[in-house]
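Presented below are the structures under discussion, each in the form of structure tokens.
The same chain A turns up in both complexes below, where it pairs with chain B and then with chain C.
Then we have the complex of A and B:
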């Protein structure tokens, strides 16, 4: 017998590829260190998640909602430091993971 | 003894009396003339028997008048009247007999016509005995009184019944437009005997009854048009002409008649309203069911309630009907809601301030609050689930935000106090918005938004052609009602849908795939049951390919599949046939595995796809069995039918059994009993082998020695009958034996 798939309306969830595979398996997901909202949610000033409210990666390996971090950096108290480890904030180049490993089935 | 003074006084009196009678005529000629006149007059007045065949003596009326004149001159008229009344009293037995004869006739045949004859006859008597009008009204009224007093004393109770029938007949004739000139005569006769005054309540009751029956006849079950107008016309056309006879007799012109009938007329009018009101009150539940085709009835009811104080009755009757017919476990929540909405609409018409509604709605609202699926139903109807034509929401109604109960504004110049029958906890709902009213069943609208989200999720995931315009429209409508913020989540869900399509278009353009996934933002969709199912074979390849393309398109995102959701459209190419199927993923996964291998056990299959329950697995397999793609060879072992096989009769039920219940496969009570009976069959078989043929109760008696046997003879009989159908035993004259 041969099975031909004609059409498959599947359902999937998207996740930010934080490079943290343990996080991918974790159902709860990580939260932004500033607003405590999950990465896949959106920061308090946004209404739409995803591309409208992207993440930002730091060289220090910390990840935040971009809007949250920019707001933080905008304040004088931040001294342009990462709020988690107080190192100077340097936005990392997007880590291009090996695409084959991004699939979680 | 007597003194001379006394004697002189008597003599004077005598002389005076004599002079009065003799009227100063010479000698005693005056006395004689008086005597003659007296004789003539009393003779003339004496009541005579109508049945007396001798013709009535003819009197010269002039002579009689002269005679009355003489008597009057002598001031003897009062005496004559007394004599006349005495005479009449003596003749009263004639009347009594007349009444008895006719009433006996009436009682034997119940024909109101005999009453009519009686009435006419009585009038005849009355007229015959009546003194001439020359004697003045005093004597006539005295006579009339005496006559009537006697008459009423002898009329039996059944006369009331008779006269009622007679009068009803006159009314019916008027209603049928067949005016009978006789009726006028009859009413005059009633009047002469002053029966109308005596039976006034009875006559009125005829009016009430006819109104009642007419209202019931014409209005019951007719709710489309307002009936009050028609009824009023009917009253004017039919009842008023009839009322003229008893209630406006002696009226010389229309105005006078109007004044005379005012009292009774308004009573009749009131009665009409009351009857209609009672009728509608009792029909109220069905009127509400029929709404909006019953608007007429509601307008009537409103008008009636303004005249008749039956609001409490209406509330009571409606509450009782609702309790009996609606608020029970057998009623669908949807039906209850529909009825509730209709009730709101109906009672708004009947009673705009909403007091009635408040009183009636309270039990419904309390009941709905306790039902688990109320919210789901409301939400389904809010978005209009398409299946039901009569949505709770009126399409024409403007969509408006939910209204919050507002405080009374006492500085409002149009402020009115609450209606008098409003209870202490009455809250006037000024809004006419049905949805607000329904949503206010619950204290918070959050529940609705949650439920809405779930419903939207289900519907979005079920969308096949990617057309979500309908859902978008619904969300927009609901935004107006519940506010933008509450529905933000739904907005995200909708955007996920459009984004998914956009992404899919891009991915397809890069590398065509049969896969068209919906990519959702978690945290914004209601919790979807998670599953660790693994799609086998080409499905997994497809998933991986797609995920790869996705990651190329969106480098910072990855996909996480929810493999148990969605639908797969498949084409199966078997040795002798090709078939297409639209199935859930689990089914697709199984059939994919069958393309590797023709025979699988359920356990092996479950192992391959990961965590699915055995029940779900069996259900999925049953789908294929139903399509005759698989066959359950033995329990838990399925084989692919590369070549179609006709379903064998016994195989089908075996397979379907575990499918029937979602619960873990537990044997039913009947199955268990049948299993036990197999043990006892051994005993029976032994018995019949050793003893030949046995009657049923012998078998039962012997089986009772077997341990744990607790069947009744009937159950045993049923079992033996089943065994006979299988050809194991046969029965003849109540004796069972083995074999044919």
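Then we have the complex of A and C:
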């Protein structure tokens, strides 16, 4: 049997590599703990997901949309603490624009 | 300004999958304003009572906490005459990782565990510290008088 391919469409999908393959315990999936939009979506101030609305990692292991976290840290009420565990926020070495931090499948 | 997605998601879940003993319904004309009821926890002097509250999400939410107030009169050391609530997560311990649901659950827990050492209603707190049994009796009376349907 011969098969002739008449046309084909390429489909690509991307997601941030948060180092967290399992879903969160709270069954909400991988969402930003501040805006509750999936990591692969964008923060409420952005129109397009992707490199322009990257993630930020804390040394405490918590991950947020960078814009959401910076907005929080910009408020006096934050006391510069992680929203999840109230430890002092320290951004982890890992850079959101580091190619090794994203996967393409 | 359009309602943020987070508020829509929270509202949907509050209505579809309410926390036990808690209801929260947004006003039709202001989706940031909620009518709330909390049942008095079993084993507390507020048992059998249904307390009405109002909850408002300010423009800055979730960077600022919701504003919550009891509308039903309640005899509790951390809730004053005007219904204002002394609860750390509504003030300096707020975090944007908290939600309407977690705030209301915390208020429900506060009914089970009054904290007279951090009072808002000083006279009630004094009563609770000096004679807890008698203070609880008054709390039960108020529950029956003001919070029974």
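Throughout what follows, the second predicted complex is superposed on the first by the 78 of 105 C-alpha atoms of A that agree within 3 Å, B and C clash if a C-alpha of one lies under 4 Å from a C-alpha of the other, contacts with A are read in each partner's own complex, and residues count from 1 in each chain.
Please note the rule applied: a residue touches a chain if its C-beta (ideal position, glycine included) is under 8 Å from a C-beta of that chain, and two chains touch if they have at least 3 such contacts.
Everything quoted here is computed from the prediction, not taken from an experiment.
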item: Touching partner for A:36 - first (chain B), second (chain C), both, neither; value: second
item: Which superposed partner A:17 touches (first chain B, second chain C, both, neither); value: first
item: Dominant toucher of chain A (residue count), chain B or chain C; value: B
item: Touching partner for A:46 - first (chain B), second (chain C), both, neither; value: neither
item: Touched partner set for A:60, first chain B, second chain C, both or neither; value: neither
item: Which superposed partner A:8 touches (first chain B, second chain C, both, neither); value: first
item: Touched partner set for A:73, first chain B, second chain C, both or neither; value: neither
item: Partner chain B, residues of chain A touching it in the complex; value: 1-17, 24, 27, 29, 38, 40-41, 47-51, 54-55, 94, 96, 99-100, 102-105
item: Complex contact set, residues of chain B against chain A; value: 461, 464, 488, 491-492, 495, 499, 514-524, 528, 530, 534-535, 537-540, 542-544, 547-548, 551-552, 554-563, 565-575, 580, 585, 588, 591-592, 594-595, 640, 642
item: Residue ranges of chain A in contact with chain C within the complex; value: 33-37, 44, 68, 71-72, 75, 77, 81, 83-84, 86
item: Contact set on chain C toward chain A in their complex; value: 4-6, 9-10, 62-64, 92-97
